[in-house]
């Protein structure tokens, strides 16, 4: 008997019509999916167009002459950024492990993985701060040329998204340490996770399109 | 947020310094309410206030242009006024008024007791209000109001203050203010989408939803996907202005056209964001006053969806004069012609709905018919713009001004007025006065055409838009005088409307819950609706479900009133029609537990303009101050349950 | 529990090719189980989560071993990408660009479908997210085309 089968076996059949009597029962929606998850997916779909605009601007202006100083592509530190990108990628793994932990009621691992995810995110942000400082030292600034403008604004807004994600994760971790997250709250971790993974996939696109593709 | 209720064993009675508010009536309840009907009223009131402000701005513009070489306004004042007129009418009147209707009606029409996210809904309103106040505070604080046009083309707006073409902080206020309004409307759109998908009553399948709900559904998607695009464009403008980035600096290789692309990628869907709610309202009014079902319901719905999709494929027709090359221009000329098809389909559907109907020419019906006529004229002058050589000639002339006012005033505003007259009895159990209403309609119809019809001609005669004065002898004076007179007729008509509202709210003809013999679910419940809307969630069996509960057809296809059909309505008529919207402990409302009021949507929204001022004046300590209410409000919001457990 | 454990050990031992096969097999097994059992037991509209499911879900998430396996694949693809960067100049740019974009797409969809559960969760999320994604790609591509970026 696998876990899955066991779960299925204990699932009781429900009466759909209870929708009519309990409109605020979170389990009773016309489609069966929860409002919160639907909302976060809507937000993520919308955010695609936000990042798309900045990525397009970067692609449009790539390699254009004008301004002064080096372009971003000339001073990328690919080994360094590869490592921070890798860390962000792995934070997605720790995030799903946190979700799996809370769903099976393993609160100790939940706390560990949540904290690990936030930590990985912070390392990524730290790397970005270091990278930005280095670039500024080498003469690439927001205003030096188009490459700087598009690079810093795009990666900066991505960094802002990651920072919000870190705050979110740390808040969940805080709740978890106080014992205020239980199996019933799994969806909260899932929602934060969806946001976190989205930020990660955006970075997957940025890392390839902005850093790796030859100029 | 939905799981919160279940989860917190110990309810947060008090979060920080704020105790959970209890009152659902009285002055202060408006600040904490999460009731979609109250929020709708706040949206409508605020948007109408901005309608008046934007209208006064328009009157000033018209007075300036009454004769040649007008002297009332300086060039820069004129710039500020036309910029704020456009920005106000689009972002502070058109969109929020449509949201007001959506807020009030979507839950009632789909048989829901509330929206999916009551507190997010309240936040959407407060964000809108704060954004509007923030924009208008630029008159006092910015040295200049926004003055680069409602589209804010670069590099005019994007060149920084030190090297700037435009005086003052106006464009900064505009950029930051629109980002704020974008946040508010995106939350509103998400709320509407989730509500429509998830909160429908049993049996209310998508293809049984009233057309108005459908149109708001499409509008919510357009908002959801259009807002992030313009937000990104505005952020680029902000960085260009304040941090000397090069996004639109041609000297450093920047491309000002990129801004136009991003703006119109948002801007054209925005046009449909504004007009589709009007189409939805008209599609509700026409069947009721024709006593016939909407002709081709599915076709109307699908053409609405088609407009929603195709609206993304025509934005370049705003840029035909920018020299994008023959391929791009031909492609977008074609798509512009094609998008006229679903719009035309709708017009024929509406006409067919009235065909051989038992028409009742009440005020809402007059506005709906006026909508069809005026919107058709606007559509015809619009499709002319797909003929590129003609468009090149008409670009930036008054012809374009005439065109979009026929669509947005003749379309949207007529639709909204029709909606006010139609649904007012649901809010106040009294009809708006019919004599004043008809006066309202005919004066606005006359004033509107006096104002905007001659603009076609002066435009074709070459009068440019956004010009603050013109020389005599160009043959424009006579028509400009007519336009100015017409604009005051409109103002008079709007005044009649407000008089009507204030008069009828207390002294209008008292009516029952179903005064128009309606077809949709909102007419099955008492007027005004109780806080919980539906005492029992309805079971829906067809389109126009309420109608089919009241009427059947005999062998000859004539309508026959079912003897028992009106029972629901009659029963409720005798019931308490003046419920004060207080759920618990109120007659039938026992046991229905509604979401509790909350301070935190307002608290979070208060942080937005503070951070906005910080961004405009680059006072970063102020940004930290503004972040405090946002953070505190967000945490408290997350911790408090949506609905307080019963005590 | 036997099945999950065997997957776990196998992932650690096998090479990438084997891992992908194991992954596919695990996927099929899961799907077969889930679809066989759940579709009969859960009437539509019911969202009360069974143990191991989130509200509204009808099919279980991948298990931790599978999560780790995906991470391994992501690592390998990333290493491949970075390797390509160092081959610039040695092989044609067009090929590098095609391979890089392909890798990014693979990573994107692995995360979206496995970590964000789009492959097991209800179709509505997948549809809406794809609408946003396709809109973004298509619209901005047209913008870049009209601005002659690719010429």
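A, B and C are the chain letters, set down in written order, and residue numbers restart from 1 in every chain.
Just so it is clear, contacts are C-beta pairs under 8 Å (C-beta built on N, C-alpha and C of every residue); 3 or more make two chains touch, one makes a residue touch a chain.
As the structure is a prediction and not an experimental result, all values here were calculated from the model.
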- Touch graph across the chains, line, ring, star, complete or other? complete
- Counting C-beta pairs in contact for A-C and for B-C, the higher total belongs to A-C
- Note on the structure: subunit A to subunit B, mean C-alpha position gap in Å, rounds to 33
- Query: Distance-wise, how many Å sit between the C-alpha centres of subunit A and subunit C, to the nearest whole number?
  - Reply: 15
- Query: How many angstrom lie between the CA centroids of subunit B and subunit C, rounded to a whole number?
  - Reply: 39
- Note on the structure: Multi-partner residues in subunit A (2 or more other chains touched) are 16, 19, 26, 29-31, 33-34, 38, 42, 45-49, 53, 60, 187
- Residues of subunit C touching at least two other chains: 55, 124, 132, 135, 139, 143, 147
- Query: Out of subunit B, which residues touch more than one other chain, so two or more?
  - Reply: 3, 197, 225, 229, 255, 258, 262
- Within the complex, which stretch of subunit C touches subunit B? 55, 124, 132, 135, 139, 143, 145-148
- Under the touch definition given earlier, write down the residues of subunit A that touch subunit B in their complex. 16-17, 19-21, 23-24, 26, 29-31, 33-36, 38-39, 42-43, 45-50, 53-54, 57, 60-61, 64-67, 142-143, 145-146, 148-150, 152-153, 157, 171, 180, 182, 184-185, 187-188
- subunit A-touching residues of subunit B, taken from the complex the two chains share: 1-3, 5-8, 112-114, 116-117, 120, 186, 189-191, 193-194, 197-202, 204, 224-225, 227-229, 231-233, 235-236, 239, 243-247, 251-255, 258, 262, 536-537, 539, 593-595, 635, 638, 642-643
- subunit C-facing residues of subunit B, complex: 3, 197, 225, 229, 255, 257-258, 261-262, 265, 312, 316, 324-325, 328
- Parts of subunit A lying in touch with subunit C, wherever the complex brings them together: 2-5, 7-11, 13-14, 16, 19, 26-34, 37-38, 41-42, 44-49, 51-53, 55-56, 59-60, 78, 82, 85-86, 89-90, 92-93, 95-97, 99-100, 103-104, 186-187, 190, 193-194, 197-198, 200-201, 204-205, 207-209, 211-214
